[in-house]
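Have a look at the structure that comes next, please.
Should a chain be cited, it is by its letter among A, B, C and D, assigned in written order, with residues numbered from 1 in that chain.
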Amino acid sequence: MLIGTGVAAVAATGLTKRYPGVTALDEVAISCRPGRVHALVGENGAGKSTLVRVLTGNTAPDAGEISFRGRPVTLPSPRHALELGIASVHQELTVLPELTVAENVLLGQEPAARGRLDRRAGGRTVAEALDRVGLAGLDPARRAGELSLANRQLVEIARALVRGGRLLILDEPSAVLSGDARQTLFGVIRALATDGVAVLYISHLLDEVRTLADDITVLRDGRVVSSGLAHGYDVRRMVREMVGREVDLVYPSLLEAGEPTVLEVRGLVPRTAGPAPAPVDLTVRAGEIVGLAGLVGSGRSRLLRTVAGARPRAAGTVTVNGWKVRGGLRRAVAAGLVLVPEERKADGLVLELPARANVTLAKAPRGWLSVRRERAAFAEDQAKLGIRAVGPDQPTGQLSGGNQQKLVLAKWLRRQPSVLLLDEPTRGVDVGAKVEIYRLVSRLAGRGMAVLIASSELPEVLGMCHRVLVCRGGAVVGELSGEARTEERALRLALGVAE
Amino acid sequence: MTTLTAAATERRTPGNGLAGAIRGGGAVWAVVLAGLAGLTLAHGPGFWSPANMAGILAGTVVLGLVALGQHLVVLGGGIDLSVGSTATLAALLTAILIDGYPIRTVPVVLAVVMLGALIGLAHGLLVSAARLPPFIVTLATLYLLQGVALMISTGPAGQVSSALSGFALGRLGPLPYALVVLIVAVALVAFLLRRTAFGRHLRAVGGDPAAARAAGVRVNRVRVVAYLLCGALAALAGVLLAARATIGSPTAGVGLELSAITVVVLGGTSLLGGRGSLVGTLGGVALLALVTGSVTVLQLPATLTELIRGVVILIAAAVFVTRRSR
Amino acid sequence: GTEREPGASGGSGGEQCQGATAAQDRYRQAWQTARTQLGLRTLDPVPEQVCEVETTKYAKPPGVDGYKIAFAAQGPTNSWGLSSEEAFKRQAAARNVQVLYASAGGDAATQVDNIAQLAAQEPDAMVVVPMGDAITGQVQAAARQGIPVVLCSGRLGPGSGAVSTVTRQYELLGGMYAEWLAQKLGGQGKVAMLSGLAGVPTAEHQRNAAKRVFAKYPGISVVTEQYTQWSPTVAKTVAANLVTQFPDLNGIWSDSGYGDMGVVAAYKDAGKPVPPLTGDAVNGFLKAAKGDPRLEFAVSSFPPEQSTQCLDTALAVLNGQPVLDKVYIDSPSFTNAELDRYVRPECGDNLLIPSGLPPDQLRELKLC
Amino acid sequence: MALAPAAGLALVLVLALVTTPGFYSAEVLALVLFQVGLIGITALGQTGVLLVGGIDLSVGAVVGLTTVIVAAYSGGSPDRLATGVGLAAGAGLLVGAVNAGLVLARRVPPFVATFATFVLVQGAITAWTRGAPAGAIPPALAPLGTGRVLGVPVPAWVFLGLALVAGLLLARTGFGRRVYATGANRAATALSGVRTGWVIAACYLGCAGLAVLAGLVNAGYLGYVDARLSRNLDLNSIAAAVIGGVALTGGRGRVTQTVTGVVLLATLLTWLVQLGAGPGAQLVVAGSVILAAVWLRTAEEDTERRSW
């Protein structure tokens, strides 16, 4: 299929949206045609999500026109967009934790007969949709808040599928998904395209974009840099246009790790409600980067949080530089052990505070607070880590994902830790920033810091780390180092299938 | 793709049953049951006598109606401080407008409930369309409506028909007739919450209005309906207040709002919205009625009644632990 | 039907009033006494018909533990409530009466439930200190159940079903304060009215009676009407405003001594003389007045100990003796001239004057 | 945005000018300022609690408890005043500690926790005094309530001083930063190594402490124990903060906003008394003015957030 048939499902011209200090969209023109997958790529903060919010009626643009199937439309509310047949999955999860899975899937489109919910029809619809996104085994009566991030994302996709619109917009749907779930999602997207649905797809995983997209639009600083058939783009070009310069897409070379063992974990068992997992032993030397790989739910995050003292342990010791660290986050921090948590919005940052305040939060003074000094501190970090923000006083919530992640890092680096625990440090982060984070981590290791990274991006763990520990069922089931660091071995260990 | 992860099947976290029960308002009922057991031991037959039961049950009707409305509003992420004043105004108007003419009973009751709904509608519009914070809006109308009631009359006024007062004061064995009103209202609210799209939308709006809006929920309309129902239920409570008093008084419903909110929150409903249990709210109503009733039944010293009330609320509150860690 | 119903069933209507001539005389006498005590030229009694009620149908012998009488009380929310209950219980012990008690905590809505619950325990009679008109229906219900109800220290509208109402008359209090003030000012001047709680009968009946009196004096103008919630703190705030807003205020009609404590404090702070003032006799106010010889006031009381007469009336009903449908309590009224006779410098601010409780009990209650 | 609550204040001032001649006199101003002090002291404490996402309904009870304890213990004698104040402070802080304990250790919603302590304290006072508090307020406290310095009532000075301290504390110190962070996102703040539990406890204790101070001001103002004081569920402190713009959801609000709210409320209350419109009209006016004041406070930038 070279060119989609008929008029564009949605076409926008001259879309402009300004926020105080930033122009999120600057005369953006884009058109999505039926039967085609249109990928939108760009750095963090390029304006992708803003465009999605405008196209779905969540945000009113300052200027510009939107036409739907050839007719100009105004979208005063999301409901208008939904009624036109514009379904979407937002980057910010809109799954409601207190509602059940079924209620979430049907939200806003409950089948009802004379005001009364038609439970049977609803049940059928939900089962069908869950099946399509690969959640056939999930109990629709469960509270959505109990689900893992990945499954919540799939529930959200199921909701969009039930809408069965003419345009489906997916804003980084795959960021939290596992390999299988991604494949299922791609299958669904292709099937929809074949049925004539227009799909607008946003992702930072450029390989994925390459395999999925028919058309590509690159956005930078709110402007369309280029737009065209996917054939014309390779990853290099995308990156170049996104960032505005050449970026070397290689993992920084690993330096030799130092001798002294900085972090030593012995017989660690997290306190859990269910059956206790096997005790974990691990060590990280100075300058060493160790990776934690595993399936979703394999217990990596829990392990990191337990080591960091953010959740209680049932048994075991954690030693930093020869000092035994007793439980509790503050003791760990005092010993030089810090955690960059997985959900940065919920656990990493206080979004309401200005950026500078987040940078100093872990080391806020006991006495007077000097705004001047805080701004200076922020400026310093901004330069060091390449944080892009309007200024030190910009509310953190307005920063893009990658810059928020750097903010969390900056916060902890101010305490000059000797052990850095990173949980999914590059999730939702654009390629450019990703590379910067890799460089930063490798630089820190070069200065003798011990780094432990949990990540679901296998190439990342394999490329970044001296050693990779594979988790399954909360236990470390294997270690790969040197030449043995291959994806296949890691997968086998993670799945528990013999070689 | 090279990402290493496979969707594990989700398991129910252990202890879900108990946690669920507590979240479902079970804790308050546990306290209520403990109280019942204690009263049975201390004052067995006297306590369970039909007349005494009827007395205690009658005490649940007015508070129950107001709490139901409050439950809806709080579930939707709002709060209504004006329910006591709405009930007062409704009570006064019921008595004044009926003024002893039996034939006026039905139209006046309907009109007064409509008025309550209108008051609720105004709240809903101020909160959703004008985007004012519900706490202040309803604090303002708490004063405003009480003021209107006092402007209408500073003393007792009007008189309800004997049919209405007979209904409010009569009982069948241990069951006061008026309980029917509460039961019907509970059934209606339960139906709305469980069997209609409105119920789901209400919880969604309370949980995360932005997300609900993005999913196509008419956030404003849902909020307005919740306030409207709350106003109507408060007015209905006012009608019953008047019916029980047989006359209207400009102070009939003073203070109801706090009892109503307390009961709702005691029952496990989050004041942040989105999460709540109707069973729990009813448990809260039962608890408060039981505390007032038992103090009289057990003939506890008057100077201690408030202390006891405080201790019981404190215990009930402290018992319900909502551990919601991930 | 389309007909208007009569004011509910039963009760102290005047249909077959047994002209209780003696009672009628005593009623007029109470107004007469107040008039002399305050040295008033005139004080016209509010027309009122007192009747005798047949009670043989309520007559019954006491049980083994004596009569069981329910007492729906205000509750110990202030010294008045406390004293009222203590007096009642003391009297009950003396009369070998078993008391079923319930406290309303000062709240009518609570009292509605209280009365229902007390009635459920089938007392021989019930004494109710009404917290508001909202309890009318429940009192009717108790009466219909066959329980003779005596209203105590307060009243309900006609048709409440109560056999008798035993109280100090609100109209007498509010009226005589107004009359004293008007005559003190020679029928000319600006007056502020400070009532207790809006919508509460105790406050509103007195206020209305006073306004009727002021209406007779064209020279008197009521410049402002405020509420003090019977709290000296609120009263002081209100009075502080009066000082600034009406520097030429000639008199203050107030229904409570608690309010007066605040008024005196406000004027003292402003360094201005307190205008002639009324209220009920609270020791704290009297003590404050003692420090200010120029202060002119007229006070009376709403004695908490009237609860003993309520109990006695209930007992009379149970004995089948005829009782009056309205028993008006007499209690001394006095002005600043007689301050020294009444003030109790050794006692606490909360003591209500004159107290009928014995000294040992006053000490025990920490009132003295 | 900062001017928005002031628009409400301007409205009241204009209304006062039109309806009550003589409102703009030094004497009336002093009355307003006194109210500012009385309401403001507790509103500052309430602001701290609101900022960490809580609410304190027990303020009124603590105010009453303080006057009762001081009167009962000192019996009016100046030598026993200090100890009496100490006891009152101890009792007040105990209430604050119970609030904090319930909220933190038992995760009881603040509304219920503090309502329970409100009823409990009120019950304890009734059980102890049987409704008739004994004792007397030592005259030494009078200057705190009735004194004037440069024509301005002492409570207003106290409030001014405390507002400055609170403003600096919240806006310019590490503690203030922790308060805002805790209120806005407790999980993230705790994961940054902040002892959020202590921060929250400090706010409840501070609020109780200020309620004790307000109790002393009240006692000094009147010179008697007012039995009704503890029976008031004092919503003024909350209303002032919220009218000024402090969010009930925590993390948002400044002391200047509370001050504006306090001044607005104090002016309103004084004007209402001066208006002397009768019971019903007075409440109607109060309600309407509050509504108009929030209306004038232009819709917050972030209205889709939960905020009641």
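Heads up, the rule we're going with is that contacts are C-beta pairs under 8 Å (C-beta built on N, C-alpha and C of every residue); 3 or more make two chains touch, one makes a residue touch a chain.
Protein identities per chain, from UniProt: A = Sugar ABC transporter ATP-binding protein; B = Ribose ABC transporter permease; D = Autoinducer 2 import system permease protein LsrD.
Everything numeric here is computed off the predicted structure, so don't read it as measured data.
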Each chain counted as touching chain A and chain B at once: D
Distance-maximising chain from chain B - centres being C-alpha averages: A
More contacts between chains, B-D or C-D: B-D
Distance between the centres, which are taken as Cα means, of chain D and chain C, whole angstrom: 35
Chain A-chain C separation of Cα centroids, rounded to whole Å: 73
Centre-to-centre distance between chain D and chain B (centres being mean Cα positions), rounded to whole Å: 28
Chain A and chain D, separation of their C-alpha mean positions in angstrom: 44
Residues of chain B touching at least two other chains: 149-150, 154, 208, 210, 213, 303, 305-306
Per-residue multi-chain contacts in chain C, two or more chains: 75-76, 198-199
In contact (per the touch rule at the top): chain pairs: A-B, A-D, B-C, B-D, C-D
Residue ranges of chain B in contact with chain D within the complex: 77-79, 126, 130-137, 139-152, 154, 206, 208-210, 213, 258, 261-262, 265-266, 270-273, 303-311, 313-314, 317-318, 320-323
Residue numbers on chain C that touch chain D, as the complex places them: 75-79, 81-83, 106, 198-199, 223-227, 229-234, 236-238, 240-241, 243-245, 261-262, 265, 269, 284, 348-350, 365-367
For the chain C and chain B complex, residues of the former touching the latter: 1-9, 73, 75-76, 85, 100-103, 105, 107-110, 112-114, 116-122, 132-138, 140-141, 156-157, 197-201, 204-205, 208
Complex interface listing, chain D residues touching chain B: 102, 106-109, 111-113, 115-124, 126-127, 130-131, 233, 235, 239, 242-243, 248-249, 278-288, 290-291, 294-295, 299-300, 303-308
Residue ranges of chain A touching chain D (in the complex, touch as defined): 310, 329-330, 333, 339, 341, 346-353, 357, 360-362, 364-369, 371, 411
